[in-house]
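Let me give you the structure first, and then I'll get to my questions.
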Amino acid sequence: MRYAILLLDAPYTSQASHSALRFTRALLARGHDVEGVFFYHDGVHNAARLAAPPQDEPHLVDSWAELAREHSVPLQVCIAAALRRGLLDEQEAARHGKLGASVAPPFELTGLGQLVDLGLRCDRLITFGP
Amino acid sequence: MRYAILLLDAPYTSQASHSALRFTRALLARGHDVEGVFFYHDGVHNAARLAAPPQDEPHLVDSWAELAREHSVPLQVCIAAALRRGLLDEQEAARHGKLGASVAPPFELTGLGQLVDLGLRCDRLITFGP
Amino acid sequence: MLLHTLNRPPTSQVLAQALAGMGPDDKLLLIEDGVIGALPAHREHFNRVAGRLYALQEDLESRGLLPLRDQAVRVVDVEGFISMTETCERTVSWY
Amino acid sequence: MLLHTLNRPPTSQVLAQALAGMGPDDKLLLIEDGVIGALPAHREHFNRVAGRLYALQEDLESRGLLPLRDQAVRVVDVEGFISMTETCERTVSWY
Amino acid sequence: MQDATSQAELMVILRHAPHGSSWLKEGLDVALVAAAFDRRVTLLFMGEGITALLEGQQAGPLGQKGTAPTLAMLEMYDIDNLLVEQRGMDELGLTSDQLMLPVTGVDDAEISRLVASHALVLNF
Amino acid sequence: MQDATSQAELMVILRHAPHGSSWLKEGLDVALVAAAFDRRVTLLFMGEGITALLEGQQAGPLGQKGTAPTLAMLEMYDIDNLLVEQRGMDELGLTSDQLMLPVTGVDDAEISRLVASHALVLNF
């Protein structure tokens, strides 16, 4: 089946990110297609490339990136939710006159229309909230 | 009187940051000393120098920085809470092998001991939570 | 005498926690989403703090709740909030 | 038939919202802090979904709740969770 | 794929009050975007989310706009199916003439039927 | 300033369950730091926070440690004043022999007296 994941909270603040990552890995292991993970609300913090958690805790940002690379899962970050929370890629940083970026591939900034599209196109959308 | 503020949630996620800023400004206008604003839990996101909110919304990160500069109020950010959430100054970025920084002065990364010290030293500590 | 602030509506269990922490002379100030508790329909939730219940004017106003509030709830603006933190020995925040 | 997930404990008003959204054949899966609802003391909160109540094994285990749970609550691991999302037409998350 | 005359596809459930958090705003944004892409949208206000519809809301003291201006634009987006949880209305002691837009009250049975009849249900 | 024999100065109230959020961990961190600076600390577990004390907790499926290992170290930090809200215990249907550490149950009146008698009370 074709699945989409919607993740609405930051890593290290609630368990949502852990649950979503574990669920997505198990989906892929079971042979399902994951057509996208959409990060919205505080979920955009999963794309924070500067996150430096203690070494004895799971590194969720790196884990999402690894999952995306290994399984070609798009990681779509709502651009409006990201900008106000300080998450910018190179292009948005330049546009807003900021030096440096806090989001890098495979995370991509995109519009909310992608969420609606994913949700209506896929067979299943599973939301993980705070 | 000597006041301290403890702020526990991010701007744009809850009203906590708005309430804390308004309260702190009013304290200063009334002639009180504000010996520190301590940012903990998701409150560390108030230090996100890359935040780019829409122009018709208050810019909370800039507002805190302005308040600190005008009134010499220390802005203390819990370093452990900040690192895991992707908020690093130049020094921490270098230490963790990350290119670029997401926190800049007047916000300063510091230990939790500062919070305990502030809370017990000042006449009043007022907490704003999510 | 302590000041307690509450920023959650009465549907939240945080209200019960705040009430548990309050002494017989302490005051309770509703702020942010907590001001929904100032609606007359919620009066019974605050029986234990009758006469010691306040709500922040700015937060009532922005939500359109100022004209709808229970008249038994005292309204204070941010200056009044600060004044309460001065008078009360300490402030405990419930969120 | 839909699957509903709930990640809040029974003290939260989100439980009532989830129950309002559930049809007569829908299933309710407790995850994360929601698994606190699997304690026998909370059984009455879930009368409306008796026989249709599940809890996620991993979340019970990490909290030490697996041996304490109400035996009427069915336990599923993450594979079982996925299997429920396959069988049920859609999944609605309450948080 | 897009059929503006079909049964509503997206149901957005709004459960948070204005000003206190960004949940309401970010939920409304999903509804507006879907409507802009010609999807039929149903909005359900539950619990404290109902207070989003109160008359007389204002900007916050720092100039925060809140969500009332967005709600006032819903009709322009052809979002006219506004439902409120009747139990929530009763618990808040509110009546529909205190709200800024015309709404339809629904009980638990109707809510569960609506949840089952939409292709996508998102909670905010 | 520091007098280890004085009345407890800091009261940390823990109201959140382990694993589900970082509130419990970040609240405990404040208590540990204060104790490391020779401040006398009282911990009060309220509501779901009480489940932090359950026996038999484990790491999460991604290796998240949770907070039980930290609680097991409290004695090393001379934090031995562990209180639990009795009403919360009753609502969860738990008894103290199901908990990993010795605790004292307190009712509302005692909680309000404790809140009034500490120089600093922080909620988590």
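Observations on the structure shown:
Residue numbering begins at 1 within each chain, and the chains themselves are lettered A, B, C, D, E and F in the order written.
Just so we're on the same page, a contact is a pair of C-beta atoms (placed from the backbone, for glycine too) under 8 Å apart; a residue touches a chain by one contact, two chains touch by 3 or more.
Going by UniProt, the chains are A, B = Sulfurtransferase complex subunit TusD; C, D = Sulfurtransferase complex subunit TusB; E, F = Sulfurtransferase complex subunit TusC.
Model, not experiment: these values are computed from the prediction.
With contact taken as defined at the outset, chain B and chain F are each touched by A, C. Using the average of C-alpha coordinates as each chain's centre, E ends up farthest from chain F. The chain with its Cα centroid farthest from the Cα centroid of chain D is B. Chain C and chain E have CA centres that are 27 Å apart. Note: centroid distance chain E to chain F, computed from Cα atoms, is 40 Å. Work out the mean CA point of chain B and of chain E, and you get 33 Å between them. Under the contact definition stated at the top, the residues of chain F that touch 2 or more other chains are 19-22, 47, 60-61, 64, 119-120, 123.
With touch defined as above, residues shared between interfaces to two or more other chains in chain D number as follows: 7, 11, 13, 32-33, 58, 78, 90, 93, 95.
Taken residue by residue, chain B touches two or more other chains at 12-15, 22, 41, 57, 125, 127, 129-130, whereas all remaining positions touch fewer. Chain pairs that touch one another: A-B, A-D, A-E, A-F, B-C, B-E, B-F, C-D, C-E, C-F, D-E, D-F. Chain contact summary for the complex, chain A toward chain B: residues 10-13, 41-42, 45, 48-54, 57, 61, 83-88, 92-93, 96, 98-102. If you check the complex, the residues on chain A that touch chain F are 12-15, 18, 21-22, 56-58, 63, 130. Those residues of chain F that touch chain B in the complex are listed here as 9-10, 22-23, 26, 29-30, 33-34, 36-37, 39, 119-120, 122-123. Looking at the complex, you find that chain D touches chain A at residues 7, 31-33, 58, 78-79, 81-82, 85-86, 90-91, 93, 95.
Those residues of chain D whose C-beta lies close enough to touch chain C in the complex are 11-13.
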